[in-house]
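Pasting the structures here.
The two complexes that follow have subunit A in common; it is paired with subunit B in the first and with subunit C in the second.
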Partner chain A sequence: MLAVQTIADGLVLGGLYALAAVGFSLIFGVLGVVNLSHGAIVMMGAYLTWFVWHTTGLDPLLAIPPVMLVLFAFGYVYQRGLIQLAVDRSSLLASMLVTFGVALMLRNLLVLVFSPDFKSITPGYAFNYLRLGEVTIDLVRISALAASLALLGALAWVLNRTRIGRVIRATAQQELAARLCGVNARHVYGMTFGVSAAFAGASGAILGIVLPFAPPDEANWTLNAFVVVVLGGVGSPSGALLGGLVLGLISTATSQLIGPAFPNAMMFLILVLMLMVRPAGLLGNAFAASR
Partner chain B sequence: MARIARRTLFRLAGGTALAMPALHTGHAQARKLVFGGSVPLSGGAAETGLNVNNGYATAVKFINEQGGVDIAGTRYQLELKLFDDASDPSRATTLIQRLIDDRVDFFLGSFGSNIVLPTAAITERAEKPMVQAGGGSDQIFTQGYRYVFGMYPRATRQFQSTVAFFKSLTPQPKTFSVIATNDAFSKTFAAGIVKDCTAGGFQLIENYLLPEQISDTSSVLSSVRSKTPDMLLCAMHDQNSLLVARQMIATGTNVGLLFQGLGPQLTSYREALGRYANGIFYPTYWDRRSTWKDPFFGSPTKFAEYYAKNFTRPLAYHCAAGAACIITYVKAMQAARSIDPVKVRDALAATDLETLYGRIKFTPEGDGDAVVMGPSVGQVLKGQGEVVYPAGAKTADLLWPVPDWDKKS
Partner chain C sequence: MLAEALARHRWWIALTLLGIAAAAVVPFVLMPFHVRVGQMILLSTGLGLAWTLLGGFAGYWSFGHTAFIGLGAFAAGLFEVNALGTEFMRTDPLLGFALGLLAGMAACAVAAALVAWPILRLRGIYFAVAMLGVAQVLSELTNSIEAFQGSLGLVLPRIPAFGLRTEAVFYYLLLIAAVIILAIAFLVKNARIGQGLAAMREDEDTARMLGVPTERYKITMFVLSAALTGALGVIYAHSLGYITTGSVYRTDFSLNMIVYNLLGGIGTLVGPLIGAAIMVLLTQVVLGSFLNLHMFLTGAMLVALVVAAPKGIMGGLAGTWQSWRRRRTAAP
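Showing the complex of A and B:
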């Protein structure tokens, strides 16, 4: 029964990892930018949700759409105003350094605005649980998993079934060809960054319901996203989902079978092995085929 | 280009020469006593770091408003030179070295054993005293350092009074499990818990060690549910404590007694858990209602009132501990009749003093005397932190046995 409990815990945790990583994966896949401020945007989502919940009493899950909208706008402006500038004037490496600097600034901005104290979003249902036989699962984590799956599904639908999704994929695969067909690539990059930031914000909202959080946590979420992308593959919601679930299962299984001190060690061991054996991740690069 | 540089240089030199007498006079008139150090105002340890910082600031502000302090017939105003170390030990060591280079003679500690330990090594080498309210790890006090003093007993000695409390309970718990995170303080605190509880006749079921940063404890809690101890004792920092408590509630993981070393002392922790916080035990080193006499503030209550007038941040025991560092320093200087760091160090070592924080007495290794400065046991009751043990210090009646999570009101 402990094995079933471990798998259930791993899947639930994996869903959170997946949602937190999908935006990172998308930017990496489409723009080729390693966004080191991803975790900071996740934290912005958590803080914005906390603020809405704390001041208006609005359910944090209902706060997700407005938070996504705000962060979409932030992401669009951030990419067009800063990242694109760095890429144009220097290189992709410069853009990575820019995102690192922005991460530091955002972290300190959050400290300045919200204080360094940890925050916690605890709606009425935060402490309920579901018991199936001897397996017990935190209800709020199940809700988080469901929300993660729904959001990842929505993103997959947008990327595969809508015009903007087609344009994003086309630009990611062959920027020149897309531009020859009349696509405004810069706008597409901005949109992609905006979508990524919106999803980072949504994951922040969900993480805020599940965990206490503080500005310094941003570094962990960037790192987790990186591991998920290396595991699952770049650029697709399915890669992020697979990477997240695998990471969640590795984490809980290591904790249970080897010891609770070792999930991080195992996570990085797997990361190194994946980079050696299959550097493109389990599902590969979603946009690599035509490059 | 060269001419401009030369001109600028002359201007600067002239300006400095003109300013020298003024600077000299200013130095002679100021009679400042400078306390240097770093504190985490940002980063992972900032929540408690801010409390320690506010404690230092409260005492300095109050004493200066009273006209300063008299040491061997000379009146001094106190000055703080504290910098944000961002919870980063390497940044903290750089800051401390710079302060030593700037000839600061007296140091206050940061928060977190992982920061206090390397910074204490620097002040020790420079033979400058450090009085600190932020590091309890045994490693700080077992290196043979002579210049570092702590406001708490070392971590492995912090649990003795709590074991006596456990033994006083009826019905008495018999078994315990420990959950600790892998950081300098928590690991040694957990070692002390295991040592003292085992010596007290309690049976250890499991000892779980988690990484320093945790985002999920479901596996550990599954194990706790399958091998339920009478007591679950947690050695970790505030945010992790809240995560464990939240996940315990949200998975229906009930134990007879939940004790958390850090966390329940904070208003934010208690507010986050609401009614579920009631009944959780924690160590507490200070209560504003206690009757200690303080040479400057008069009493803990008056300290709390003064603090509330000057800070909006809720008062925590780390604030009182921080203020006590300043008071202990000043009294040691008065006893030494000197501001020579070596003489002040000797006076600190001989300190036996009643303050707003309680009685201050250090062991020969510099940590707080476990009998005199050991913690009381607190319990969250009706959303507030109350002292429930020992009987002489208690502010409320104990809630025992503690009801299961879903029966709490």
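Showing the complex of A and C:
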């Protein structure tokens, strides 16, 4: 029964990883930028949700839409104002440095504003749980998994079925051709970054009700996102979902079987193995550039 | 090749020797606080140079070089405390410190050699992120495996002072280390391997096609860079006296090593010194009273730098100098 419980926990965590990584994957796929401040944006989402919940008592899941809206605006301005400037003036590697710098700034700001202590969001139903056979899952975790899946589904719908989604995919495939068809590529890049930041914020909100969090966690969330993308492949919600679930299972199984100190080491081992053996990711697209 | 390089750079070498002589008298004339600032500049210069051996020369930007500061510090500390023992360290502290230094460097070299084969096959951003991962994993393991005492902290044995004040001792140790690393970097840059690395930085596939043993060169530089960074880590750890995971595995170290090079001019030998001096003076002296904003300021500095001066001070100066010369020769 322990195994089933581990799998259930792994799936919940995996849904969260997938949601946290999907924005990173989108930016990587469309702009080619590795956004090292992605984890910091996830933490911003968590802290914003915590702040809303703490001051108004609003249910954290209901706080997700306004948090996403705020972070969308942040992401758009961040890309148009800074990332694009860095890409234009030097290189993609330099733009990665810029995001590294911004990650440090955001982490520092979060520490200053919210203190370096761990925070957690505990809505009224935090201690209710559901029992299926001998597996117990907290209600929080179920709602977290459901919210993650719903949001991933929504993003997949936006990307595949709406006009803006089509434009984003077109720009990712061929920037020049898209521009010749009348697409304002810079605006699309900004929008993509905004969408990415919004989903990072949503994952932050959900992570806040599942786990306690502190500003330095941002590095872990960036690395997680990278591992998820390497596992699942670039640029698609389904790839992120697959990578996230695999990572969640690996991570819970590792802490269960080997020890709570090792999930990250194991994750890293798998990252390196993947990059060496199958750099295209499990679903197989677009990692050819890694060597 | 070397003799010719020495002759060609004789003015720089003379200037460097003069600089070293000037740096050597600093502890006798300046206040202890300023000696500490000097210490920071020397440490930062050394770190920048050690990073540039791989990052600047070969174009492999490591985003996680603090892995080797932490690994060196903990390897040396654990070796001195557990393998040598307090008794040995009390009777012969100098030999103990030397052995600890070797142990720290060896640990870094071995670790680098182990991870080199898989992760040096990655390029560009993939290598950078993989190094970020190495640093993160090492720091977590140090923190959570009890034998490493990362979360509890490790008290390092004191090293002899030779009648000098403590800060002066570490100042000289760091000066010696920085000069040795500078000499190594000079030798590498002006040797056959340096040419090979430059070729790799421009275009690795072409270099390989032309017969440059790229694999061997980059692994050599990675191991060398790791061992030297580790040596600085050991000295830094002893200057702190008491280390925890958080005090030696510091993300801002990783970032700063890149910043010094970017600010000064990447791939040059004076670049790290200029970058380190400016950054340390700025953050420690000018902005010394905003300690809780350090990370923010470092990040902001980096962002401003990439956007405003992507080639660094030396790069910018070289560009201006060349265009000035071109204009002069073009003028009738």
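The rule is simple: the second predicted complex is superposed on the first by the 279 of 291 C-alpha atoms of A that agree within 3 Å, B and C clash if a C-alpha of one lies under 4 Å from a C-alpha of the other, contacts with A are read in each partner's own complex, and residues count from 1 in each chain.
In this section, a residue touches a chain if its C-beta (ideal position, glycine included) is under 8 Å from a C-beta of that chain, and two chains touch if they have at least 3 such contacts.
Keep in mind the model is a prediction, meaning the values are calculated, not measured.
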| item | value |
| --- | --- |
| Clash or fit (per the criteria above) of subunit B with subunit C on subunit A | clash |
| First, second, both or neither for A:Leu271, with subunit B first and subunit C second | second |
| Partner chain(s) touched by A:Ala86 [first = subunit B, second = subunit C, both, neither] | second |
| Touching partner for A:Leu223 - first (subunit B), second (subunit C), both, neither | second |
| Partner chain(s) touched by A:Pro260 [first = subunit B, second = subunit C, both, neither] | both |
| Subunit B versus subunit C as contact partner of A:Asn108, first or second or both or neither | both |
| First (subunit B), second (subunit C), both or neither touched by A:Ser238 | neither |
| Touching partner for A:Gln173 - first (subunit B), second (subunit C), both, neither | neither |
| Stretch of subunit C, among 152-160, 260-268 or 314-322, that runs into subunit B once the two complexes are superposed | 152-160 |
| Intersection of the subunit A residues that touch subunit B with those that touch subunit C | 107-108, 111, 220, 260-261, 264 |
| Subunit C partner contacts - residues on subunit A that touch it in the complex | 34, 36, 82, 85-86, 89-98, 100-105, 107-109, 111-112, 219-220, 223, 226, 260-262, 264-265, 268, 271-272, 275-276, 289-291 |
| Of subunit C, residues touching subunit A in the complex | 61, 63, 118-119, 121-126, 128-130, 132-134, 136-137, 140-141, 143-145, 251-252, 255, 258, 262, 292-296, 298-303, 306-307, 310 |
| Touching residues on subunit A, where the partner in the complex is subunit B | 2, 5-6, 9, 12-13, 107-108, 111, 115-120, 122, 126-129, 131, 136-141, 211-212, 214-217, 220, 251-252, 255-256, 259-261, 263-264 |
| Subunit A-touching residues of subunit B, taken from the complex the two chains share | 41-44, 46-47, 49-50, 87, 182, 208-211, 213, 215-220, 222-223, 225-226, 238-239, 242-243, 246-247, 249-253, 268, 272-274, 276, 405 |
